């Protein structure tokens, strides 16, 4: 993901310095014209505009605040754009430290997968000070097509986990509904059509229907390969639950959706597209 | 509901004979030109095309198979169109009896409320033999604008309860999501906009958003008055659970949605629009 | 089950006439001294005290009210004792018909499995008129050791489905808790001991712990063989949900327990003991 | 809570130095013979055996690792016993820091309320190195009657949150079951008796039945006053969910129990005993 983003920055004329734990990713980018920094600390000593894309909370904490981290060497007035999907509270924590150092940290998680990253079609949900948004947008425009300012720092994360929680609920709900309808004698395509012209419609029923054969060219019609992995969805639902806990927000369906996806992961479906929940509901006694 | 339907039939030139347990409804229709039958049995003895609209399973059983019921006097080749929302198994039971008597019973539950009934804008989901569908459609066209043939008898009901189960899941999910996002610092209108341009979108987020003020002119912006009552939604979710039980279909979110709406009913929200679930989630500690 | 019950009646000196759909069961009982009736109707014509043990609602309806059913020939003042586990509403329906005919129908579902049936150690939960309880008890005493009068007809069923709903909740809860504790580094036997001396204790943690090896001689320590099958538990939870629907009783955990057991059935665990839920939760990612 | 614990230490002949943010608590203890430290740092500079009792994760982090915290002045070979109920991961974090400094940190959360604290009847669940357990036990024996060694550091917390998760599930399950049974016509005391002689029994059905009048002298028979507050239970369920997240442990019922208790808190029941869930389920439509 990060590699595609770096390439799109270079395509748009930016000079890019890269750092990654995987040597192969780094050397491929080097071949494509990127400079290389051996550590996060070195990177921050050589540029004041830094985009990060990391897997989870502890990685972000380590890369920013570790002994060889970005904050250890960053100059004043640095701009940090973090595209990781993490807990909004961690984004706020990083932003507070950046602010003490006279710099700015903004969260900018993405939606869209590997293909959207390659084709610069990502959506970025950005949280942070409004006066910095234009600058951030000019950079993210190289990598995405929708750059939305969501509010103060952390609201980019908030937007993403809210969206994905509702997405998961809609997907499981659509799967339950399609399965129930089929067992009651309805033709799957006709049922999808009826839902989509009625109040039951949602993104999962309309453009990503989990029942194989209803829509061609999506994971459900390809043995649930590709798409958005169940393990990644489970991770995002975990972030939603942390945020719900921290704010005392009741999320009964979001919470159950998280549990159901966790069971799918534990049962070996982690790498399948998250629409695979349909298949696991339709088993017959 | 039935009264508006009868008026729309008369407007389209049909002679209508009515029967109802509420004398006021009957006399109002009489003033408008309807003839009156004292019992269901009398009604069936005077016409062979009969439309019924009843509250629940036992009412349908009584009106059709009771000692003064429609089947007691109906002529062969009668056509029964039942617009009640009931268990598909009961529709199939009635259809089997009708068939033994040489008649046809089709289920045709509606979606759309009192206003849609008045304006002949209802959607009818019709289950029953294909060869009778044109005749049924010609009648229902007087009262609705979408007449969909869903398959054999019972599939009209199946379509409606599937749609409403997914609708309830989407509504509660949207309510949880809007509330969580707001507590995380997002502006409600901006959050709705982000969801609606992303994969979280559903009917409830787009056209019936449960957060007051996001969309004008809907129940959530009018103290949850009008609209589709929580008690009616709870009834439909109960039908969905019966159908799921009868077919061994797992519906974890549908089942929890049913429980959550039942608690709302028990807490006095039965007559509020079903989007009121948002309000009950947002209470502060 | 029924065969063991019949043998225990004979052991206690009762003359027994049997009827069953499985010829092998009938001939085995005949060898042991039972007389045989070819139909339910014949049975009811030859005795006025009748004990039934049937799998589900429709079987009870058929055996009692079918054209060759018990009610078709039963003499006035017959006593029907139904040990099936069914919907309390169906028990009440049968009791009403019996009452019209001058007879008495009492529900008396059992708890305890095949071994308890053989050894006359069943518990019977009896619903029906108090003045008939002594007579019923004198018969059931031959087959069980606890005969409890629960109230009017249907309350025997109510007691059983209430107990089994709470049992299922306790079993899934214990399974979640044991698994969580083990993953947090606790020794399973020590965790069970701590729960059992504290407020977390329940029947499932104390005498039927679902974690293999914690207690010897129970299904969890024998690959979940024997015991109380997941499919039977799922059936009882379905009855609980019907009863909850009929009485508008909120049962969020009972409802989710039902869904979780249904998924287990659909995934092929129907014949394993219901404590197998532990195994399905503990799978690793 | 901490005050009672300090008094019981003094009663057993220990010299006690106290520190607290509430001046009244401190001066009351001073009157009873305790010495006073102005800060945590001062306290740790004056003794090498320290017992802490704090409300939540951040308080523990602050008191131990803050600039005026215990670790800032503690001598080598100090023994820290933390009786707070917190995330096991935070206990492990504190233990790791203590260990680096040549000291020992053990978690020892309690079960039992204010009265048990006063009467030295608490249960302590202790996590930490076995070779230190005897020393810890000799201190905790002054304040409690059951001192259980659960394993390495963090397992005391793990035991407590496991117990309380299962307790919450049992309490909600018992409430659903009692309410369903009553609506089905069963007498509450008889139902409780039947459950308690059968496999449905649990601590909540036997000694803390949530239905008013079934057991005298407990919160449910006193308008749900006293006992274990819903807000505290909700906090513990939040810790259970964090631990479940951190270990990928599926807890569908535990998760739903958490959500249900959170809604109760938001609806104003936070200070009522956690058995109040019965009352909120039994409302009539």
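Letters A, B, C and D mark the chains in the order given here, with residues in each chain numbered from 1 onward.
Basically, contacts are C-beta pairs under 8 Å (C-beta built on N, C-alpha and C of every residue); 3 or more make two chains touch, one makes a residue touch a chain.
This one's a predicted model, so the numbers in the text were calculated from it and none came from an experiment.
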- request: With contacts defined as at the top, give the pair, B-D or C-D, that has more of them.
  value: C-D
Query: Which listed pair, A-B, A-C or B-C, shares over half of the residue-numbered contact pairs seen at A-D?
result: B-C
Statement: So, in whole Å, the Cα centroid of chain C is separated from that of chain D by 39
- request: Let me have the rounded angstrom distance from the C-alpha centre of chain B over to the C-alpha centre of chain C, please.
  value: 37
- request: Quick one: report the Å distance separating chain B from chain D, using the average Cα coordinate of each chain.
  value: 49
- line: Where chain A touches two or more other chains at once, the residues are 248, 250-252, 256, 260, 263, 265-266, 281, 284-285
- prompt: Of all residues in chain B, which touch chain C in the complex?
  reply: 238, 241-242, 245, 248, 250-252, 255-256, 258-260, 262-263, 265-266
Query: Across the complex, what residues on chain C touch chain D?
result: 88, 111, 123, 125, 146, 148, 150-152, 154-155, 158-159, 162-167, 169-170, 172-174, 176-177, 179-181, 183-187, 190-191, 194-195, 197-205, 208, 240, 243-244, 247-254, 256-257, 260, 281, 284-285
Statement: Residue set of chain B touching chain D in the complex reads 231, 256, 263, 265-268, 270, 280-281, 283-285
